[in-house]
Amino acid sequence: MSENAEFSPRIAAFLCNWCSYGAADLAGVSRLQYPPNIQVIRIPCTGRMSPKFILAAFRKGVDGVWVSG
Amino acid sequence: MSQKILAKNKLDAFLQGLCRDQDLFAPVMKDGKVGWAPVATADQALWDFSNTEMSPKDFFFPQTECMMRFKNVQGDPQGMIMQAEPALNRPRVLLNIRPCDAKAFQVLDLIFVQDEMTNDLYWRDKREKTTLIGLACNDPCPTCFCTTVGSNPHGTTGLDVLLVDLGDKFLAQALTAKGEALVGDLPAAAGGDEAKAAELKKAAEGKISGGVAMDKVNSREVMELYDAPLWDRVMESCLNCGTCTFCCPTCHCFDIQDETQGQDGRRVRNWDYCMSWLFTMHGTGHNPRGTKKDRVRQRFMHKFKYIPVKRGGEIGCVGCGRCVRLCPVNIDVRQVVNDMNA
Amino acid sequence: MRNTYVPYPVSIKEVRVETEDKQLKSFWLQFLNSEDASAFNYTPGQFAELSISGYGEIPIGIASSPTEGRDLLFTVNKVGSVSSRLHNMKAGDIMGVRGPLGNSYPLRAAKGKNIVIVAGGFAVTTLRSTMNWLLHPDHRGDYGEITFIYGARTPGMLLYTQEWTAWQNSGQAKVCVTVDREAPGWSGLVGFVPTVTGDVAPKPDNAIALICGPPIMIKFTQPVFDKLGWQSDQIIMSLENRMKCGIGICGRCNVGPEYVCKDGPVFTKTQLDKLPREY
Amino acid sequence: MFARRRFAVLKNLLEYVGIEPGRLHFSWISSAEAEKFQKTVAAVTEDVKALGPAQHMIKDIRKVA
Amino acid sequence: MEAIAQKIREAAKRLLSEGKVDVVIGYAKGTVPMREYPYFAYTPEEAENLTWSSFCCNNLALYTIRRPGRMAVVAQGCVSRNLVNLINENQFKRDDLYVIGVNSPGMVDRRKVQALFPGKTITEVIEEPEHLLVKGQGFEERLERKKVFRSNCLTCVQRNPVISDEMIGEVGPEGHGGNIDKVAAPWEKLVPAERWTEMQETLKDCIRCYACRDACPLCYCHVCFVDEAQPQWCGKTQDEADVATFHILRAFHCAGRCTDCGACESACPQGIKMRRLTSKIEKDIRALYGYRPGMEIGAQPPMSLFKPNDPQDFIK
């Protein structure tokens, strides 16, 4: 990446299947625009979320992690 | 080989010569612990210490070592093909290494380099490019037992030069051609110096109080030792942690793993330890050394029976005493071997 | 001096699904460099580390015989991450092979003898290699009677069906293939390997037995051989243990002082009787 | 709800070891709140962007080891 | 100290000869100075080997996990709290356990003692009521015991066992005068960049031997996350991200359970101060949920509980 290019972060988004994933779906259907920086990982429930996932995401080089129930 | 004298006020000049074309390492005091670090002058190095906290084996067998790299792209002409990492580019000198640790490298040579197939180039390359200047122990610790496992506080095995501290000067014994080249220009020792060194050696040997007896271990069959009842007690308090194996100068087990990051990939080896249940676990779920007892027994059997059986009587222990000092539950190898020998 | 940790690059030439449960696939591998192919000199019973960059290595017995040419055959059960990845690979993909490793069946020392081969499940791989080697015109004349006993759970789990059918039809060997239970469309033998071995009753005179299979099969086959008067040094077995380096250093596959990867995987029963059962 | 306690402790711990607070976000969004989703994505992206590329906890295998 | 040791031996002999328990788990004298080790006495004769001193740094609660039969455990405050933890986590039944309670004198950090004699070899350490007499090659010195306590002992709040079936010696005062809140979470006062550097500095010598995990009575998972292979959560290398992953997650798994017994630091062959991480968690759990682990049988562990009004300012 060149120095001048605007920094475009990579964000791992852990979304609950029943809540935020549905919201993401609805946002898509409703044609709501949002930044393309998130990579969505669907989890069955926020209760499935483990700190291991968050650290693994950072280890793999993401710039931020977002967990949403 | 020649016996020379290295005056203590000439140490800096000697060290300057050593680090001209090579990387020079020596034991230093860091945060109250004795460890290895690069040095350039004599006062940076330690000359009066018992031994380094950890063994110096990671100079030849780093805890994490990249073996090969590859381009992680299937379909690219060079993709997925492993390329070995380049060899060490600068020779090294390890100054003030203890004779027990040097001896350990010779034991490991027998394991890392056996024949054309079992020929660890990573180990060999570093061994061949490293000169070992030993410092004889005049004051062995209470946990040292080198003389009872075929080593010696003034031992020369595996060293290129042995220094003996005579008070105001060192007696420098060249032991190999490499060593001769380093000390050849120093003034020759007088008969009295050698006699004094011999006295110090005798005194040092005399200070080693505890030890192990190996005669019955040697004569007993593998299965007799394996089935001996002592293991039920030895294993009881063991935590199955890796302390004893990681601090040990002769433990050499490792694991090989692949790692990828985007288009880069590497194959890397890490120290591994027989105390871990994962170490021998099969893909099917079967584990040949499934219990704590199996694993504790493996470590002692490996060092004191399996290695001697396979390597012409050489013992996989040099008596440095590190595991005795560092084991979190004080499992004392001397007691274990003496129980094996009982 | 060659760095023996670096695998030879090979490409996958052909993939074949072997069993009905699709857990076993065979891979024919072709060396990318012809000098590597000539350096890879092996004999039946040896194994190699299959290397998949990014995943790791697995030790697998060589199922092809050197008499079949330069390409190598491996039959792999899908269990861990490396074998699962391999099962997803296709013809043309690049991977690596490191070896040949370990010792081999003592076939040259057994010249002039009768040979009994007992195989169970997918442990038949190195014995396929052995059979092809023995039945090759250059070698067949050196041996007496050859008996091949092979069993699997169901007909669909039998490997190399075409090959053993051909051996059967050639009349060069006595081939007894069995499945555990009656199955539709199966007209061959039914019963466990130890039972079939007892029925075939191979004679111990001037013979050796090569046994390879799951521990439970070996456990029950041994008494059959004992009963028939076989001596421990006539019974030869191949072990499997977890391995990494494959060259007798890394410390995990040892059974007592012997490293399965280097001193084995082939041991006589006489040797194993003196070793801990850490396999 | 149990997760909330876990997240609270973890978030504090990661901040404590020097991971900037803005790198780790939590939110509750119901499946009907598409607009909140849109806004939160934007807010999270802004926060992370302001911090620049991550410096810690990254494993770089290209380094010599 | 020796009087207490004698009483422990007597109690153990009595329990074993009466057949009340199958084993007494206590400490025996180590083969090197300042190191007592976990000892298992099965017979009244073996009970003779039990000892008690200020070098009993292992947490014996560890050895009760998955151990069949009836056992007696020599327990000071922290060990008893871990026993309570294990009972609350259903690892064994209270009835199978006989607690031989002892007031903890405060255990001594052998590294602190050694640090006072750099490069010298200590050959013997003799216990005196308020002092330690340290002997070595060519030196002899008397140290004030309190100056060389393990840091966790200095800030201990529970020196007496919380459960005991038999108390050896007197119930002593609680605490050693240190204030945990003053020393816990030492990196809190730093800015983020410094915190990360401090953690790297703290962990730089880690050799990944996992002695801290293995010495900890909280760590009894059949498969630890560092050993999981598919997927592998934590690489095995010495890379700082791998080392940090291990320590952060290990600390996190102690949340609401750590009794600050210090067994991890005492076990570490490299002298790593991993309590700098766990003390933060211990402090948070107290601040957020008002909980101290292992103080009461039947208490619900905070991480398996929630209240509607739990803090959630951090959630958008």
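A, B, C, D and E are the chain letters, set down in written order, and residue numbers restart from 1 in every chain.
FYI, contacts are C-beta pairs under 8 Å (C-beta built on N, C-alpha and C of every residue); 3 or more make two chains touch, one makes a residue touch a chain.
None of these values were measured; they are calculated from a predicted model.
Steps from chain A to chain C, taking the shortest chain of touch contacts, total 2. Taking C-E and B-E together, the pair of chains sharing more C-beta contacts is B-E.
The innermost chain, defined by the distance from its C-alpha mean to the mean of all protein C-alpha atoms, is B.
One simple way to say how far apart two chains are is to compare their mean CA positions; for chain B and chain E this gives 32 Å.
Averaging C-alpha coordinates per chain places the centre of chain A 9 Å away from that of chain D.
A straight line joining the Cα centres of chain B and chain C is 39 Å long. Centres computed as Cα averages put chain B at a distance of 44 Å from chain D. For chain C, the set of residues that touch two or more other chains comprises 80.
For chain D, the set of residues touching two or more other chains reads 2, 6-7, 10, 14, 19, 25-28, 40, 56-61, 65.
Of all residues in chain B, those that touch two or more other chains are 64, 255, 257, 259-261, 265, 268, 272. Residues 80-81 of chain C are the ones touching chain E in the complex. If you check the complex, the residues on chain A that touch chain E are 51-52, 55-56, 58-59. Chain E meets chain D in the complex at residues 185, 187-188, 190, 192-199, 235, 237-239, 241-242, 244-245, 248, 251-252, 255, 277, 280-281, 284-285, 288-289, 302-306, 310-312, 314-316.
On the side of chain D, the complex with chain A involves touching residues 2-3, 6-7, 10, 14, 19, 22-38, 40-42, 44-45, 47-49, 51-54, 56-59. The part of chain E that touches chain B in the complex is made up of residues 30-32, 35-40, 58, 62-63, 111, 114-115, 118-119, 121, 123, 137, 205, 207-211, 213-215, 227, 229, 235-239, 266-271.
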